[in-house]
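Each of the two complexes below includes chain A, the first together with chain B, the second together with chain C.
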Partner chain A sequence: MKPQLILLIAFGGAFLTYIFGKISSKLRDGAAVAISLALVAIFACLYGRPLQESFYWGFLGLNLSLRLDALSWFFAIAIVSLGALSIIFSLRYMRDRERTDFYYSMMLMVNAAMLGIVLSNDLISFYIFWEMMSWCTFLLISYNQHRALDAGMKYIIMSMIGSVAMLAGILSLYVSFDTLLIPQIASSLATASPGYVLFVLVIFGIAFGIKNAIMPLHTWLPDSYAEAPSPFTAVLSGMLTRMGVYGLLLITYVIGGMIGGTGLGSNVSKFNYVLAWLGALTIVVPTFIAMLQNDAKQLLAWHGIGQGGYMVLGIGFGVATANSLALAGGIFHTLNHAIYIVLLFMSVAAVQYRTGGVRDLNSLGGLVARMPVAFVGALLGISGLIGLPLTNGFVSKWMIYKALIIEGHPFLAFAALIGTWGTILSVYKFLHNMYLGQLPEKYKHLEKSPFSMQLPIAVLSSAVVLFGILPGIPLRVINKICTWLGFSSLDVTIWGFTSETGTLNTINLLAAIVVVSAVVWVLFHRAAKSVVVAQDDNYAAGAYVPRDKYHYTAGFYEPLFTMLRPYLRDVVDEFYTALAGAVRKSCGAVRRIYTGDVGNYVTYIILFLASLILVQLRWRPW
Partner chain B sequence: MVGRILQFILYPLVALAIGVFFLGLARKITARIQWRYGPPLVQPVIDMIRLFYQKSVSHGPVFAVGLIMSLAGSIVVVLFLPFGSICPLSGSGGLLVVLYVMLLAPMGIALSGGQGANPNISIGISRKLILALGYEVPFLLVLLTVMTHYNTISIVQVVEAQRDIGWSIASLPLFLSGVSYLLILPAMLGFRPFDVSTAPQEISSGPLVEYGGKYLLMATIEHALLLFIDIALFVNLFLGGAGNPIIFFVKMLIVFVLVLFIHAAFPRLRIEQAIRYLWKWPTALALAGLIIVTIGRS
Partner chain C sequence: MVNPVLLIVVPLGFAFLIPILSLLSKKAAKYIPPIPLCFNIVVSLLLLPRALENPVVVSIGGWQPAFSINLVAGPVGILLSAVVAFVGLLVSIYAVDYIREGATDRYHMLFLLLLTGATGVVLTGDIFNLFVFFEILCISSYALVAYAGDKAGIESAVKYLIQGAVGSSLLLIGIGLLYGLFGTLNMADIAKALQSPSSLPVFVPMALIISGLGVEAAIFPLNGWLPDAHSSAPSPVSAILSGIAIEVGLYAIARVVFTIFGLSIDSTSNFLMFLAVLGILTLLVGEMCALGQNNIKRMLAYSSIGQMGLILFALAMASSYAVVGGLFQLVSHTLAKALLFLTVGYMTYRTHSLDVSALAGIGKRMPITSLAFTIGAFSLIGLPPFAGFPSKLLIVRAALATKECLFFVLIGGALLGTVIEAAYFFRIVQVLYFKDGNTNIARKQVPAVALIPIVIFVILIVGIGIYPKFITGLLSSAAAELLNRVDYIRNVLG
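Presenting the complex of A and B:
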């Protein structure tokens, strides 16, 4: 199958869905699900079958072409799978809302554009699809109007800065090498001057750094995640933001020949060291800011930034020291993060759907009794996010930590580890305040989440566990990507790794945990029976406790906050906001010149001429 | 093969026995320091047997699942720690896995406690997690120092390396880390002056307040294992482990009695005082150790 045919299906599907929506909403929903599932099937069939470059169009004398290799397949399958699950999730979530035709076609369009990005073999196609993705994202973020419009505006302005940087980079590459095909650029860049290589790295680094929300380019992300419709937030957090990671890997491919080398390679290493440290910074700061959030989606959004730091750290460090364990860890973390963050956003969305859009952590609670599937999803999601053993997040983090320690960079490892401990605090609050503790009176009769929401949650939950127990499945593909990028191959087994300085064996871990849990469980059941009582029976000892009067989870980490709050301002965001304010003010001042009175304009001209004459008479410069 | 299986079965039991012995010893020694007679050494055992047969109240499935997860996590950590020459799970991920499996215990208790809507539990868990963040900063620095110094993530290899070159705590950079570990040990074990999360007189034992019968039994076992884990880790990393279990036990006993002296003599800190302390001296020492090791390596 040719790549252009896949793209045709993806884009055509988006348009068709819109047209079907005008006929009947059932037809539209069916078409959207069918198209997204068809794309999953296509990519599943293409496993291990790379498609070579195929030229589909000439444009201004440039050949536009597409390809499918290990890297694009890896990203493509993640994009289409998560896209399909989000579409299924949307079925109930978006029902009875306005402009759903537009919503579905945009969802499919974003997916198609992302597919276009990973299938592109030249930078013009890459840029075109990148812009399509950014604009569709803008429209979807602003879907809810009101505050969402501001969030969308913030996103598109940051995104445009990135695009302009990328465009400048592309033009410069074209002028220098007279080609925009990625493999040809890779071979030409090997002979370029070190300074030029650094320029290319920095300018594309800015473009991809903004998309991947690396600090200090992260400010668009929290508002956008929080204000976008939740099923789209899932797509946005899962894969769309990670197009930045794809971009970084593409850079890695292009500079492949220079990795680990001396002389020429040193600039590459320096750049990637900086990237790794930025990644470490991106892990620590947002994780602590996340603790301060009381909005479920904002909290997850800050973790989205923080987890992006692990990917950048892994990839940056891997490239800087030619360490394939760190690189593979970074790539694997991209997939793992996508799985559990989508799961978490879906679990929030399920609660939002039933409670009428409530996502304030201080007013929820006790929902485990009403929505058990969403609870299990949230539990496994946070386990993955923390990286508890036997969940997928553990394996990728383990790989990054181990590479950092063995290569002798304990401070980077410390940043990564302490990020995990900060994560525990905020995600426990997330889980506890939503699902555990007291159930407020008004949610006593909440219904379970509908099947079309439970299904994606169940699929993703099992993926979290599956990749945690059998990390070898995705790691084989990732290993191929690493060798394709010019790195040494890893000793991957289905259960983990074998190597001299420390092995990872998930089967031992699984066996130990399962057996021990079984023993404890048996003991537990041999002991005297227990009676289930109402939550406040013990505590109040029969006395009356006023319902809903006290909420024990509000202000959960108050002692810590009072200590940390002064240090945890989003200084960067404040700087950008101040910059925007200053620009607006100075533009306002400039605007005052234009009074609309012709007399004034004539005065300006006369004053200007007079000053010219004065200058000429006094200093005679001309 | 049979020997290996026996190790798997007996080792957690030995660990539990040591932990329970420590629980009894803690009450006895604290009492003697405070001029009281104190309960007999076997009191925790008597209590545990009683709890096993006692009826209890529950708040639903999560209440039990969290505790089971917590206890299972603790037992699995035990299997990773060398005890003399015994180490059932030596080659399955090393210290990094231990670090993460150790999370299961507090997470499980927090999960289970969260299900009982009691303000004392909420306060207790909140304090426990904040305190954990407090001592994890120096703790992680200490572990990273050890891993960087010996260039391995395997505890067994750290122990072996010390056999040749002497105890870690006797060498300069690791001395700082060892002291730092000792300073945070009471906080890790939940002893005074850091017993904020289970303060009995203040918040009725915090997360434990709703537990009775088998629930309290499991929480007690979990605490006993925690004593074993944190002290055994210290002995392995800094006191050179041991060739046989008896010497290992003696080393553990000495460290534990040291902690008890502090426990018996100091009053409780407030949570923000505790954090301020933990992020000051232990962190500074651990950081200094890590910097020296990193500079020495490169």
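Presenting the complex of A and C:
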């Protein structure tokens, strides 16, 4: 199958969906699901079949081409699968909303644009799809109106700053090497001066850093995640933000000649160390800010930033020290993160759907009784997020830790560990405040989630466990990517891998955990039967508690909150806000040039002419 | 053999026909302008193959060039006259329904005269003739700005008139000085005689001419008239002023600078650098003023200033890539800005307010118009896959190809301008679609006559954005003509 045909299906599907929506909403929903599932099927069939094809001759004298290799297949399959699940999830979630035609076609369009990004074989098509993704995202973030409008503006302005930087970088490469085909740039860049390589790294680093929300370029993310419609937040957090990771890997490929060959240029290595440290910073600070959030989506959003830090840490460190374990960990973490964060956002969305949009952690609680499937999703999601053994997050985090420790970077490893502690604290609050504790009176009669929401949650939950027990499945593809990028290969088995820097075998873990659980089960089974008491009895040790008077999910971590709050301000965001205010103010000042007084205007004209002549008379510069 | 003179004579003739015809029927006037404009498109297209080979030089009155008034229909001239006729045609179709009140016959006459002037400017090879056509263009635009007859319109028309008159007199003085120096008004003939623009007797007329044309081309700080005039004129007039009139001014500057004064990148004179800096300054001032502007038409007017700055910057780089980029930007800006003014025309007509906030929720009431607005805005920002993207790409690339620090800094400024531009256009898009507004406005499309030009603009913007080859061939020969002074002189003087 030709790659351009796939894109045609993806983009054409987006348009068709809109048109179908004008005819009937059932037809539209069916078409959207069918197209997204068809794309999953196509990519599943294309596994291991590299493609490369030019699809457009002479766009301003450039040939645009597409490719499918291990890296792009890995991202593409994740994009289409998560996209399809989000579309299925949307069926009920968006049913009674307005502008659903627009919503569905934009969802498909965003997915199509992301596919375009990962399939691009030259930087112009990369940029074109990148920009299309940006404006589609802007429209989707703004969809919820009101506060979403500000979030959308914040997103698009930061995104534009990133993309103009990228445009400058791309065209600078074009001017230098007279080609924009990625493999050719890779071979040309190997002989470029170290200063120029650093320039390329920094300028693309800015663009991808903004998209991947690396501190201090992260400020667009929390509001955008929180305000976007939840199924789209899933796409946004799962894959769209991670286009930044894809971009970083692409840079790694472009400078790949230096890794395998004569050794790393010192600038490349330094840049990647800086990147790794920024990654570490991005892990620590946002994770603790996440702890302070009372809005379920904001909490997850801050984790989205923090988890992005692990990916950047893994990739940056892997490239800096030519360590394939860390690099593979970073890539694998991207996939794992996508799976559990989408799962978590869906679980929040399921609650939102039933409670009428409530996502304030202080007013929920006890929903495990009403929405068991969503609870299981949330439980497995946070297990993955923390990185509990036998969930997928464990494997990728383990790889990163191991690499950091073996290469002798205790501080980076420590930062990653602190991040995990913060994660445990904050996601426990998340799980407890939503699903455990006291069920508020008004939610006593909530229905369980509809099937179209349960299905994606179930699929993703099993993926969390599957990739935790059998990490070899994705790691095989990741290993291919690593070797393609010029790194040494890991010895991957279905249960894990062995390499000179570390061995992981999940079957041992599995066996250990099965044995322990069996022992525990037997012990409990043998022990005396427990007595079921009313929930309130537990809280107050038998004393009478008026119903709904005390809600034990409110004010979670209050003492910690008051202690940490002064240190965990988002200073960067405050700085940007001040900067934006200053820009707006200076724009207002500039506007005063246009006084509206024609006398002034004529004076400008005469002064302009007079100074031209005067300058030439006096200094003769022209 | 079609004669380029027809491009000027036919619209002029029809313009004078309108008042006569309106004696018979008041209603007929509005159907007249499309006829000569259609004719002009056809003639331009017929001339195109010949012009691409060699500029078509026509002398009037049987005298040989250097003594006669002559027209030079080279690729640039044909390209721009086609753009003028095409955009003019679409806007005149739009105006059939939009212009209802007042002395409509006079409106249509002035409209045709304006386009005649614009066509004349881009085709003429004689500098005094250029001045005359410029005056035709300017005077009709003064009158058109005041067409609505309200206080704002008249006030800004008078302001425009005063500044325009100052500009025109500077231009005329400059031309007079050149005539005194070289004893000829033919551009090619002056160019042949003129060696270096740096000597003061030549520099002074150049400064005068650039300042004079700069007023019409909306170069900072000569553009004080523009925000008022473009925002208080009726929307089709704003579309023409923003889409055609200022571009023609910029063309005239380029022609004068490149052809007459012979500035080029490898000449010792670095006046072009100054123009490039001025371009970016204009861009930044325009975009910064547009940010935070609450009057939608004023915002578009400031955005036009910004775009003119970008085009000036591109032209001033004077490499062939840069000039192609500049001309491409000129075309894409013309299409996008005309589209924006046309859509805004009906939106504000419905809401009875020029306030941005009044447009809230229009996306639901006027879906096609809003979509067209969005596409125009995206194209102006330079987002793919719209026409503004390839043009911006070419300009950035040309700037990076200069490998000069100054241009790197300047293109940084241009990209900053793009971000600001994105900020205010995205805000409007949000207001259109994602803000709940006045629900009293009925869900009603614009009339079909007005919808045709809007849809055609949209198709062109998307078409050129996806397939830029459609015009790049023409643009590169136009750029070559503009930059190649020696060939121009040889073609005209034989």
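Following the convention adopted for this analysis, the second predicted complex is superposed on the first by the 573 of 622 C-alpha atoms of A that agree within 3 Å, B and C clash if a C-alpha of one lies under 4 Å from a C-alpha of the other, contacts with A are read in each partner's own complex, and residues count from 1 in each chain.
Note that in this section a residue touches a chain if its C-beta (ideal position, glycine included) is under 8 Å from a C-beta of that chain, and two chains touch if they have at least 3 such contacts.
Not measured: the values here are computed from a predicted model.
S.K.: Applying the touch criterion given at the start, work out whether A:Ser517 contacts chain B, chain C, both or neither, answering first, second, both or neither.
M.R.: Touch partner of A:Ser517: chain B, not chain C.
S.K.: With both complexes overlaid on chain A, does A:Pro559 touch chain B (first), chain C (second), both or neither?
M.R.: First partner only.
S.K.: Using the superposition on chain A described above, determine whether A:Tyr47 touches chain B (first), chain C (second), both, or neither.
M.R.: Neither partner.
S.K.: Go through the superposed model and pick first if A:Tyr567 touches only chain B, second if only chain C, both, or neither.
M.R.: In the superposition, A:Tyr567 touches no partner, neither chain B nor chain C.
S.K.: Identify the partner contact of A:Trp619: answer first if only chain B is touched, second if only chain C is, both if each is, neither if none is.
M.R.: In the superposition, A:Trp619 touches no partner, neither chain B nor chain C.
S.K.: Do any residues of chain A touch both chain B and chain C, and if so, which are they?
M.R.: Touching chain B in the first complex and chain C in the second, no residue of chain A appears in both lists.
S.K.: What does chain B use to touch chain A in their complex?
M.R.: 12, 52-60, 62, 64, 67-69, 71-73, 75-76, 79, 89, 91-94, 96-97, 99-101, 103-104, 107, 110-111, 114-123, 125-127, 129-130, 132-133, 136-137, 140-141, 144-145, 147-148, 151-154, 209-210, 213-215, 217-218, 271-272, 275-276, 290, 293-294, 297-298
S.K.: Could you pull out which chain A residues touch chain C in their complex?
M.R.: The contact residues of chain A facing chain C are 58-60, 124, 127-128, 131-132, 134-135, 138-139, 142-143, 145, 148-149, 152-153, 156-157, 160-161, 164-165, 167-168, 171-172, 174-175, 583-584, 586-588, 590-591, 593-594, 596, 598, 600-602, 604-609, 612-613, 616-617, 620-622.
S.K.: Please output the residues of chain A touching chain B within their complex, sorted ascending.
M.R.: Touching chain B from chain A are residues 365-366, 368-369, 379, 386-389, 394, 398, 401-402, 405-406, 408, 410-411, 413-414, 417-418, 421-422, 424-425, 428, 431-432, 436-438, 496, 501-505, 508-509, 512-513, 516-517, 520-521, 524, 527-533, 535-539, 550, 552-553, 556-560, 562-563.
S.K.: Can you name the residues of chain C that touch chain A in the complex?
M.R.: 158-159, 162-163, 166-167, 170, 197-198, 200, 203-204, 207-208, 210-211, 214-215, 221-222, 224-225, 227-228, 269-271, 274, 285, 288-289, 291-293, 378, 381, 383-385, 389-390, 392-394, 396-397, 400-401, 403, 411-412, 415-416, 418-420, 422-423, 426-427, 429-430, 433-436, 468-469, 472
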